[in-house]
Structure formats: C-alpha cells, structure tokens
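After this come two complexes, each holding chain A, first together with chain B and then together with chain C.
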Partner chain A sequence: MNKLVGEALVVKDLKTQFFIYDGVVKALEDVSFILKKGEVLGIVGETGCGKSVTAYSIMRLIPDPPGRIISGQIKMGDYDLIKGMDQEVDIILKKRPKIRHHNKMIKKNEYLYNKIRGRYISMIFQEPMAALNPVFTVEDQIVESLYLHSKTKILRVIKSASEHISDLQSFKDKGGITSELSGEVGVELQKIKIQKKGFESEGKHLEMLIDEATKYLAKKNKYDEMLKESIEVDSLEDSLFGNIGEEERARILKVLSKEAKKSHLTRLTKRLKKRNPDPVISEARREAFGLLESVNIPNAFQILKNYPHELSGGMLQRVVIAIALSNDPQILIADEPTTALDVTIQAQILELLRDLRKNRGTSIILITHDLGVIAEMCDRVAVMYAGNVVETAPAIELFHNPKHPYTIGLLQSIPRIDDPTKKLNIIRGTVPNLIKPPTGCRFNPRCQFAFDKCTVEIPPTIETSEGHTVACHLFSGKEVR
Partner chain B sequence: MSEILLKGIGIRKYFPIRGGVSGRTLGYVHAVDDVNITIYKGETIGVVGESGCGKTTLGRVVLDLIDPTTGALFYKPNESEMSQLEQLYSELTSGGARELKKEEKKILNTTKDNIYKSRRKKKDFRSRVQIVFQDPVSSLDPRMLIKDVIFEPIKINGIPVEGEDDNGKQKRVRLRGDAATKYILDIVTEMGLNEDHLFRFPHEFSGGQRQRIAIARAIAVKPEFIVLDEPTSALDVSVQAQILSLLKNLQQKYNVAYMFITHNLAVIRAVSTRVIVMYLGKIVEEALTDELFEYPIHPYTQALISAIPVPDPNFKRSRIVLSGDVPSPANPPSGCRFHTRCRFAKEICSTEEPKLKEIRTGHVVACHFAEDILKTESERTGIKKISEIAI
Partner chain C sequence: MKLYVYIIRRVLLLIPVIIGVTLITFYLSHLNIGLLITEYEGKIHTYAQRAIVMKELHLSGPVWAQYLYYLGAMFTGKWGFVSPGDVDPGVPVFTEFLKRFPPTAELALLATFLILVMGLPLGVLSAVRKDRATDHATRLGAMAAVSIPSFWLGLLVLNFMLAPTVSFLPHWLVLYGNGQLNWSVYGYWHGKIAPFVSPTGGLSQPTGFLLIDTLVYGDFPAFFNALWYVFWPSLVVALTTFGVIIRFMRSSMLENLGQDYVRTARSKGVPEQFVIKKHARRNALGSSTTVMGLIFASLLSGVVVTEIVFSRPGMGTWLYQAAYNNDMVSVMATTFVFTVVIVAANLIVDIMYSYLDPRVRLE
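Now for the complex of A and B:
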C-alpha cells in the first residue's frame, strides 16, 4: 500500500475576500501549498496574516456574507473541493431551475461538504471551550460526529457482536451462563466486556447485553437494511474522491443529492432523546469511550457524562481532538491548538498529536504563531505574511537557512531560551491593512532590503533549492541588490 | 546587592468561595499562601508559573491593589530591622502548620511601617508604583482620548521632583497647560508614537500600540516600581520584541524596577535579572536568571523549562512531560503541593511541607530532595561549576 506517498491536499492560487462596508478585504491572495501524505505542515505568521482564513477556506467555513472564495483550487486526491461543489449546484439548478431561495440552496450545496468535514478533513479549533456546545454532554457531542459519519463501521460492529450474543443466548437456554466460556465465544465475550467497561457493573452487564441483543434481533432486518444502505452511500462517496471520469462523477453526485433530503441530524436528535436508545447510538457511546481513552483521558467514563464547563482547558482540547479523530480523517487541521493552554499542558497535547500521527498516519496542517512549536512538530513549514505565502521549506532548512527578509526578521525576534545572549531584532512597523494592501510585494514597507522593483511588481515564487520556495525579488536572479 | 525597594513578609491571599442561599463561606481559594518577597531597586524580577498559580494575585497584593488576608509590606525598609522581623516570623512559622497563629498575625498587623495598615504610607506608596495589564483592550477607557488617558495619572499624582518633604514623602508637582502638553508629548514620542495619536481613541490602535499607550500611562508619573502583568501575552512575536526592547530602554533611563509576570519562560530569560517560580500559591524556587536556567533544581522548574518548545529543529534534549492538571487551589494537596505530579515524590512529600532552603548561593528551593537532585544532576551532566561549590 502506498498510503504515505503522494499529496493529501493541494491548494493552488486560493483567493478569499471579505466584502465589508469599508471595502474589500483581500484576506488571501494566490495562496498555494501542498500537503503530502503523512506529514505535518506548519503554517506560521502574525495575527491577521490569513492563517486561519486559509484553514476556514479549506473547510468551507468562511461566513458568507461577508466572505467568499473568489477563485482557486483545493484538491483532495483527484477531486476539486471547490469545483466539485459548483458542479453539484449546477446539477440541482438544472433539475429545478426555480430554486432561488438562498437558504435552500446553501443546504443542498452543503450536503456534500458536510460529508467531507469531519470525515475526510477535520479541524481542531483554538478555543476548546468555544468549540464545544455547552448544553450537551461530552458523550453526546462525540456520538453526534460518530453517528453522522461512521454509521457503517458502527453497524458492522453491532452485527458481529449480536451474532456472538445470539450464541450466548443459546448457552443461557441450555442452563445458564457459566463463568468459563471457551472457544471463540469466550474471546468475543471478553472483547465485549472490555468495550463495555465502566458502563454496567460486572454482574449485570451480561444480562443487559443479552437484552440488548434480543431487542436488536427483533429489529434485525431494519438494521441489515440500514447497513446495506449506508455501505452503498459510503462506497459512492469514497469513489467520488478517486480517479473517475466526469460523467461517472456527475452520476454519483445525482444519487447523492437525493441523500441530502434525509436530515441525519434530526434523526439523531430524536434518537438521543429516546430513553432506550437503539443499538447504533449505544454502540457509538461505547466507541466514544474508547476514543477518550485513546487521547489519554484518565477516568474517561466519568468525563463522558460531564458538560464542557466542568473540564479544564487541557481536557477540553483532548475531547476536541477525540471528536476530530473519531472518523479517522485523512487530513487534520489544527488551528492554534495549544495557544490557550499552559506550557506543561501544551507539551502533553503536542506529545499526543505526535503519537496520533505516528499511529494513524494522518496528515496534519498545524497553524500556529509559535515558531518553537513549529520546530518541534513540523516536517515542512509555510510562512505567511498579509495573505501571501512568502516562503515554504523543510523545517530544518527554514530555521538554518531562511531566505525571505520577513522569515529572517521573525526568527530573530523570538526570545531564545537556549541562547539568551542573542539580541532581539525588531521588524519595524505593523501588519498592513488588507483593504488597501501595499502595491507590489506586501512586505515592502517593513523590509530593510526593499528597492524600487518591490513597490511595483508582485514577486514571483522561485524555487531556490529542492522544496524551498521564496516569493521575493531578491532571489529573482537578475536584480540582486 | 543594591538597596531594597519593597519587602513583603508572610503574604497570604485567600479568596472566599461563597455558596448556598445565604451565601456562607464554603471554603477558601488559596491564591497566594505565605510568600516572602524582596524587590531591589532597578532590577527586573520575573514571576513565572502556570495559570492559576497566583502570580497575578501576588502582583496585585504587592501593589496593594487588593487587601491581603495577612502579611506585611515595607517600602524602602531598614535592612537590619527587616532581617530581625524575618527571623522572628520564620521562627513562628517553623512548625509548618497551615493555620495562622495568633502571635504571627499580631506581628504582621501591628508593625508600624506596614503599608497595608498605614493610611498615610499607602497614599505615598501608590504614587510611586504603577501597573501594566495583560489585555490592552480592556485596560484603556474606550471613551477617553489618548492624551487624557496619559494625563490622568499626572493630574492625580503629579510628577516627582528632587528631594523629600519632612515626612519622608516624595515632593511632587502638578503640571498644567503647556508644560503638561509638552511633557505628555515627550513621553509619547519616547514610546514611538506621535502627536496625531494623542487625539485618537483607544479602538483606533493595534494591540502593540495600545500596549505602548498603557506603558506610557504607567511611566508618566516616573514610578520606581512597575508591575507588568503579562504585558506581551496578547501580542505577536515581532511586536513582543518591540515592546520588550522598549521596556529595557525605559528601565535604563528611569532606573525603574519591574516585576515581570508571565508564563513564557523565554521572555523571562530575555528580560529579568531574578526569577521566582510559583506553583499553587507557593514559591517553589527563586534564583538569579542564569543560575535558574542553567541549574534548575525543583522538579517543577525542570519540567517547566523542558516543556518550552525551542525554535530549532536540531535542538535535542530529554523532555519531562508532567502528567495531569494543576490541582484546584481551593483544595491544595497536603504536604508538598507538587507531589501529585512529581517524578521524585516519596512518602514524606505527601505529609510534610518543604521549606525554602538556600541550596546554592542565592538559589532558594522548596523541595525535600533538593540536595539529592543537585547531586545526581551534577554527576549526570558533569558540570564542574556545581561540584566546585560545597553544598
């Protein structure tokens, strides 16, 4: 399997603008970068340089109005996330040309993207407190994500478990359950016991399992149908992001747009409210417990029943990470995941992210303004300034051989704990207003090397050595000062 | 060392937790618990710790912005008197008991120079000290022009001139009219702002500029001591560098002492001369900056230093990751407060509270195993400097 070869995400000439009363904020101007499979890409820059807007553009979370993605490509595999969406809208419009109602349009439009968000690309936000809903328990919020995206997986688990439980049923009929169960059934029982850990007291839980299984068996046909249906949808969606022809893609989109009519969320809330939730939910709850343990939360069973305000910042961030990882996404976008946390907690969270990447091979985009975090975590780094990517390079190369004047200034302005004698260098001035950005290179008013050409011409992106690109006139070859 | 500017002895601040219908006190948050602090003239003392360790509360109590539960604060005290009082206090508290003894309270409350108890001293003291807050957005009045923001402290306190009056108070003049305008303009240009900025409102400025205004307001009355409560936490690194160098220049010019409160150890290393490390309301380690970063002894300090990400991918080191969160200060662990997360913790740690001991010259640590850690550490790293000094 060449899972870790190739590109997970390609962003090309992305342009996002905000249309506000004062004018047009040109937040992103031709942002391009590549995320390789299994790597950690760091995006670094000052406040207002467009780091978060990039992340939000990839997730299609830019509030519209006032924001809009003007042009550009965001490619996941072969599939263009922006163009693909537009195609879908076209299909819907062709079918029902009278749809003009904005909200309805957005709903249809977003259906496919809801499938991508959380399942293929998920995101960790800066403020864990704001990322979670204060009126639901931690458990409900993890279950929601699992239910919306991993139904197939859950249904499969139920199926296999219930088969073994029905074996147990016959055991019981034959004369009660003995503690020594041998063979496959015994092994499976152990597995279920581990899964169920903490949910019921030892003595009771077998009985309850059997009860549940009996209930499930009664509805067996229904769940079989659900499984079949959800496998179909899943495989359709998966094939959408592979190499298929245009016609085939259009056909799949047609089928999937029918799916959009069914609102999974309303179904879910109804089910969560029920006193005796159906096996899908209870299985998702078990899964949630396992997820919390995998992000090193002690006493996970209690934490599940807690509300967000009852947990500390570090714990909440772990919960948010658990939700982001619940569906094994290919790409994880971490937007300043440790900025709100203390250093000792930050060390814990970074350790966790490192483990997750090692174990699952997820590609991570790590957005931060802390160059220390970048140095510790990332394979490659993209430096952003005022809506442009000014430099991309492998992490070691960037820290030892920075090219762009802004990168150099940034690196010299950090107080170093390992080298206190180093004098802090200052980049004079402030970040420009993006409604009226400076002409030419956007860094020119603050750059100490600026010359005539900088104020006139936008610098091209030049590859100085392998994998190291710079957007600066100093390196365009001819006119070196 | 130079003259003592401020001395705090036995400072405690307990915030009551109220609850129930009648609002009775259910317990106390031990924000600052029995802290002795000395601030010398013209130095920068760094206070570092995780959120909730009481560093901000300490800063405010030292400025007399909030009343402490107990404690005494002295401004430019007589040194011999101080050492006597300190001796007496340490004898009283040597039992290690949590509860405050009567005599102890008496000593702290009745000392005549205690700023917390003397109204006259308070007023003089407050005109000599200033504070810069963390959030420059909420610390400036949105309805005041910048000129008014900076003029307000001058209007109230005046600016100091040479000499003292009969009561040992500082002589101050109140500036008016053109003199005031010129003075404010001087201050503002020094901060890297210009005349236009004086007639704007705070919301028209960026974070870095706002922080400059807050610093200008503090420095306007020429104080001898400024508490900087996380002044750069809300700023970008490039702006942070600007502010730090500004603060350094001001210190050289006015010979003002800083208390630099932050959670960022790298900043502490860049600016301060002495460092206090706090954990759950207690000082766990205190030393000169270079000394602390080269030979951290308390396990908490070691973990804290090893947790800072260094902006250099080739920088390799062994990393100590602390497990768990900071315990609640409303119900701090018994004995050593750090024992729940400490990798060296033994039985004694959970029963007996360690006292601050001087391990090396000027290096004070509160840990039962400080000597052992220093020994093993010096063996492991083979630093000659440590072995040369007799323990």
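Now for the complex of A and C:
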C-alpha cells in the first residue's frame, strides 16, 4: 500500500441506490472524483445531495437493505475496493453455491473490508455525542480500534522497549527523555517528545513502557510467537491488495478466515474486561494515552477512564478523531465534523485536522455545507447536487471563478457583512425527490439559465481550465468523460 | 453514592409499601369478620376455646388495634396458624411459608433461566434477520406460545411427558418420571423411598430447596428426579411468558443497531459479529433487564395456575387453597410475601441496570 503516489483514492462512476417501498431512490448517479495524496478535498452541497451517501459508499456503511452500491469503482492504489470485495464474495460463493442470499454473505465475510476500515480509511462523524458507545469507556473504544489493526506495531514497540530497558530506566531516573534510541522504541520516544507535554506525561509513558518491557522479558517466548503470527497475518493481508491470481487469493482468504477464528479477536470482548488482560491490550492503553494527548486532550490519563456521557461535545469529537487516527490511516473522511459543535470548538477541531494533514500527510475528505469551512481548509472542492458532482475546482478558483449555476447560487446565498443593503440571493426550490429525478440535468428546474437541451440531455463533464471541471450545457470544451 | 447506602435507603422505602399493602389486605379481610372466623365453625365448643380465638385475633379490641397487633406479629414472625383445629392449634403460617416458598422459588428461577436462555438469543436473532424468514418464524412462534393458555399447555405436558400411561418418551425415562418424586439412592440404602417428602420425616432438609438438598446429600438420582419434575412446569411457564422478552429484545436491538455508535464501530473495522454481540447487544440488555425483573417478580407470585395443574406444593397452590377455604391469615401472609418479593426484585433490577448502563446513577 505504501507504493502509492499521486492519488490516494479514485472514485469513478459510483452509483448507489436505495430500494424502498415507494420506488428506487437514485441517491448517487455516476459520482466521480479524485483524492490526491496529502490533500484536503471538500465536498459541498445542500442537505440531501448525497454527500454523506458518498462517504458511506466509500466506507461500505450503506445499510443493506435498503441501500446498495450498483456499480462504479473506488480505487485505492491498484486495488478496487468494490471489485475486490466482489471477488472475495465470488470465491466464497463458489465454495457454497447453494446459499442464495448474496448480501448476507457479503456482510458475514467482510473480512477484507474490515481490514480496510479503520486501517486505511477511517471516518469522523457528525454527532460526537452519539458516535461513541455509551456503555464502554473511552479507553476501551480506542484500544479496540488499536487491537483490531495495530497489533504488529504494538508488539514491535514492546519488543524494542525490552531490548532497551536499561536505557529507558535511566531516562526515567534522569527525568524525561534526553537522548534518542534506535528502532521502534526510538520512533515511539520521538513521538512522545514531539508532543511536548512536559515531564509528567513523558514519565507516565516511560513508566508504562518499562512495565510492558518487563512483562515482555518475563514471557519472551509467548510474545515472540504472537509477534511472528501477527506479522504473518499482516503480510498475508497486504498481499491481498496486490495483483494475485484467483487461486492464490482463495487460498489466502481461507488461511485468514481460519486465523481470524482462532485469533484473540474472537475473545476480544472478554479480554478487554479481564483484570489481567492480553499484553497487547495493556500496551495499547499506553498508545491510547498518547493518541489522546496528540489530539490535545488535557488530563488524558483521567479522560481514558471516563464514559462518553461524562465528556463535552468538543472533547468527544477529539476522542472520535483519536479513534479515527489510531491506526494512522491514509485517508480520513470527515462527515460534517464541526456541525454539532460551537464556534470556538469548531475552530479548534479544524486546526487539529489541519495539523494532522501537515504532520502525518493524511488525505482528508471534508464533507460540509459550510463554505467558510471549505475556504479555510480545502485544497480542492467538489460541489454535489442531487447525487451528481456538478463542479470540481481548486478552492481558490472555485470562490473566484465559479462556473456551474448551482455553485454560483450557493456562493451568492452566503450573507456578506460588506454589502448590507443587498437582498440575499437564494436558490429557489429544493433538492428534487430522487425517486423521480428531473430528466436531463438534475438542476434544470431550479436553474435560471436553463434552456431546452437541459431537460433532455445529461450534461457531460467538461474541463474548462486546468483542474476545473464542470457538468453543465452552458460550457463547451474538452470532455473529461 | 455507596451501594450499601442505596440498598439501605431502598429497604427503608419498603416500609411504607408494606404498610400500605397490609392495610388493604387487612381491611378487606376484616370487612366481613364472619369470613375470618368461618374456619372456626364447628370447632369452637367451649367458652375457653372462644376466649383463646378472641385473644389470638385480638377481637375484643378496636380494628386499628387489631391491625397494629397484626403488623407487629408480621414483623416478629408470628404469622398466625393455618386451619387451627379444636385441639391442635394448626400449622404456624411461617412454617408453612418456609415449606411452600422453595418449590415456587425453584420453579420461578428455572423458568427465568429458561426465558433468558431462549428469549434473549431469539430476540437478537430476530432483530439481526429483520423481515426475513427467521424473524417471521421467531415472532410467529413466540406469539403462538404466548397465546396458548398455561393450563392447557400444562395439561398437554402432563399427559404426554409426565404421565406414565401416554408418553412419547423412551421407556426408561417414563419409569424415571413415573408421576412421583421417589427416585433416590436412599430408597435402597435406608429402606425408605423419597427421603424428603415422606410424611414420617426422613432426612432433615438443610435448605428446603429439593434441588440443593439432594445435591448436599450427593443423591444424584434424586436430584435429577427433582429436576425432572421442576423442569416441565418451568418450561410451561417459560413458553407462555418468553414472547414478551423476545419482542422487547428485538425492538431494543433494532433501535440500538440503528444508533450512530454502531456505525462508528463498523467504521473502525469491528467484525459484524462483534458489532452485534458486543456493541449493540450490551446496550439492548440494559433495557431488557427491567422487563426481566418484572417478569421474575410476577413469576414468583403468579404461577398459581401452573402450580395447581402440576400439583406443586408451592406458594400459588397455597394461596389458591387459602382463598378457597377463607383462610384469611394465609391470604394475608402470602400477599405480604409477594409484596416483599416484588419490591426486592425491583431493587435488584435497579442495581443491575446501573452496572449495565454507566449513564444510570443510583440515587
């Protein structure tokens, strides 16, 4: 996966529909966009335009029934998330062709997708208050995420710490981290140092690391065995994303599903609660502590023990971000992350996301209906209307030179403090019912420039200038697709 | 708040409840004093006997004084006598209660266990397979089971499972459950059959619970025999009740599966199995506990029909007989016990709920 250059995610002709009693809701119709590595892509549009459905389609979180991804490509590097999944299902179905419920099979065997979610792509949700499970502590929920995906990394850190245990001890006695070490533990110490939370925090980390390292030395064989297993599983999983033959893929899937059954995962629920837990979990606690500090949560050690209802909205959103970041994903989808928060907290959360992009190089898809947030955060913007991407442009270009009538309407409907007399322009009407969308261009009933062609023909996407595409009959130029 | 402080406060709250309930039962049973002394008809022949009864029931004093005496007696364990004869003062109600309570408690506990074991998984299954064959079948089955009257189902079970004449069961099982509680190694060792139920005594019962006592003596044949006879009535009770818990669990699971945190769990890459078992079910259990507590309390006090059908010597049969015979002392005593049981069950449910859902604080 690390070979990726250029594009982090390519979405092409994505079509998602909901099959409900009244008919088929054509929620997404040929949505295409590109997310480049390390950039922030804004997706903007009114409520009901399919922004969230796009995000859920990428994450495969569309509830099925009633929703389904009909066709399209979601490519992460060379790997097509949708096709890959289907291949997986095909392999499984070939083994048991009698089973008729394909959807059920997909759900049951979303093994590969569960590896992608949280590890390569993770998501932040709109309502932090509801996004965390009320009956588990913050710690449990972060540790769960780490335990699912970062086992190898965690075991490596423990191993490295056990090799440098005397150095760690001397660091602790001297007070804080003074010099650097090689290997995994060095990287880990570097991270702690970057966070610059003072001696107390560093001391805490060191204490926990030393604790783990001592445990490691006591049960060296067991840990080494676990690390070996974990590395094997990881390499198998990574190989699934590459170009391999169908037989090879089937074999690997078989091994992995066997592995998943016998692995500690199956006993995850019990292990989290036990007094003497899995070594990976106790080290994951230290990691969780570090994560909370990295999202600027004060008094992180106490917060870990709290339940979600004991924290404020801003705090919870940080915790949700910490969970999303726990496995260092390449892509982060933020679905209106600031909508439910008050203005000062909004600014802090946006600052956090910006730092994240800068420090870790994560690509971010930022879904919002707030053009202010877009202006503040994004490199490029995709404007969505009624399940279509109508315009894509670099952020500055979009604000200075909007092309599509819908974009123009959106920009004009922002109240401006510098011309108080003018009546606010709004786009008349509402987003159409997507069971029976308007023929031709879906925006035509609300468009002030609409002419005959608009009601008949679906407009092609046209590149008007470098990186600026628009789907409208008013413009002519090179057709992108 | 500390847990024990909370429990003490709740127990203190029990006092007004008990006073209220006893006041009502006392008032109703003393509305017609004739009812109260019907039992003594034909038994009181002398003035001395009359004086004893008058003194026993404090009939010479005003009604409120009678009530206070009664209340005092309830708290000191002097609960009166069941069907006193002209010479024999009768069995003390408290002794009768100690004899009658264990069979009912065994039945209710086993039935609750069966309800939980059958109801919760089926509820979860029904929610996960919403609107599919499994869901429809589960709901239909639950509905049918609940709709069957318990006495009819009880009679069916009695005829086909426990009666020796008509049975689908293999020969040895029919012999095993041949209609009497009499299968015990003590039968061979001591020349006695049925150590605990023989009228001449037999062994002393440490707890009164047959299932426990037989295990205390290590008498496994007797244990399985006792289990056999408590299992079938429990199954009848469970089948006629568990539909409630299935429906409750189903709707509760559906609600929780639609919550945002389930979506978050999925987006973390938690396998679907754990999304259901860990995240959603844990939350759904909290609200089901309340219903379960109420069901348990109602079972302890409300298995009258089943007990009568199966002739179990429990609280239900006792209440039925007492009401039939105008044995007001026993009726008041059973009502008192049921009150305490229901309040205690609610207390336990509240404590369990606070453990299951950290948002609920005991106060």
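Please note the rule applied: the second predicted complex is superposed on the first by the 369 of 481 C-alpha atoms of A that agree within 3 Å, B and C clash if a C-alpha of one lies under 4 Å from a C-alpha of the other, contacts with A are read in each partner's own complex, and residues count from 1 in each chain.
Note that contacts are C-beta pairs under 8 Å (C-beta built on N, C-alpha and C of every residue); 3 or more make two chains touch, one makes a residue touch a chain.
As the structure is a computational prediction, the values presented were derived from the model and not from experiment.
Asks: Check chain A with both chain B and chain C modelled on it and let me know: fit or clash.
Replies: Pair status: fit.
Asks: After the superposition on chain A, what is the angle at the C-alpha centre of chain A formed with the C-alpha centres of chain B and chain C, rounded to the nearest 10 degrees?
Replies: Angle at the centre of chain A: 80 degrees.
Asks: May I ask you to decide whether A:Glu376 touches chain B, chain C, both, or neither, giving the answer as first, second, both or neither?
Replies: Touch status of A:Glu376: first partner only.
Asks: May I ask you to decide whether A:Leu35 touches chain B, chain C, both, or neither, giving the answer as first, second, both or neither?
Replies: Neither chain B nor chain C is touched by A:Leu35.
Asks: Quick one: classify A:Ala395 as touching chain B (first), chain C (second), both or neither.
Replies: first
Asks: Kindly classify A:His309 by the partners it touches after superposition: chain B alone (first), chain C alone (second), both, or neither?
Replies: Only chain C is touched by A:His309; chain B is not.
Asks: With the two structures laid over each other on chain A, which partner does A:Arg119 touch: chain B (first), chain C (second), both, or neither?
Replies: second
Asks: Could you tell me how near the closest CA atoms of chain B and chain C get once both structures are overlaid on the shared chain, in Å?
Replies: 6
Asks: In the superposed view, which residues of chain A touch chain B and also chain C?
Replies: none
Asks: What residues of chain A sit close enough to touch chain B in their complex?
Replies: The touching residues are 46-47, 298, 312, 314-315, 342-348, 350-351, 369-376, 395-396, 399-400, 409-411, 413-418, 420, 424-427, 430-431.
Asks: Which stretch or stretches of chain C touch chain A in the complex?
Replies: 259-261, 263-272, 274, 277-279, 282-283, 286, 356-359
Asks: For the complex, give me every residue of chain A touching chain C.
Replies: 59, 61, 107-108, 110-111, 113-119, 122-123, 125, 127, 130-136, 144-145, 148-149, 260, 265, 268-269, 307, 309, 320, 323
Asks: For chain B, which residues count as touching chain A in their complex?
Replies: Against chain A, chain B makes touches at 50-51, 206-209, 236-242, 244-245, 263-267, 269-271, 289-290, 293, 303-315, 319, 321-326.
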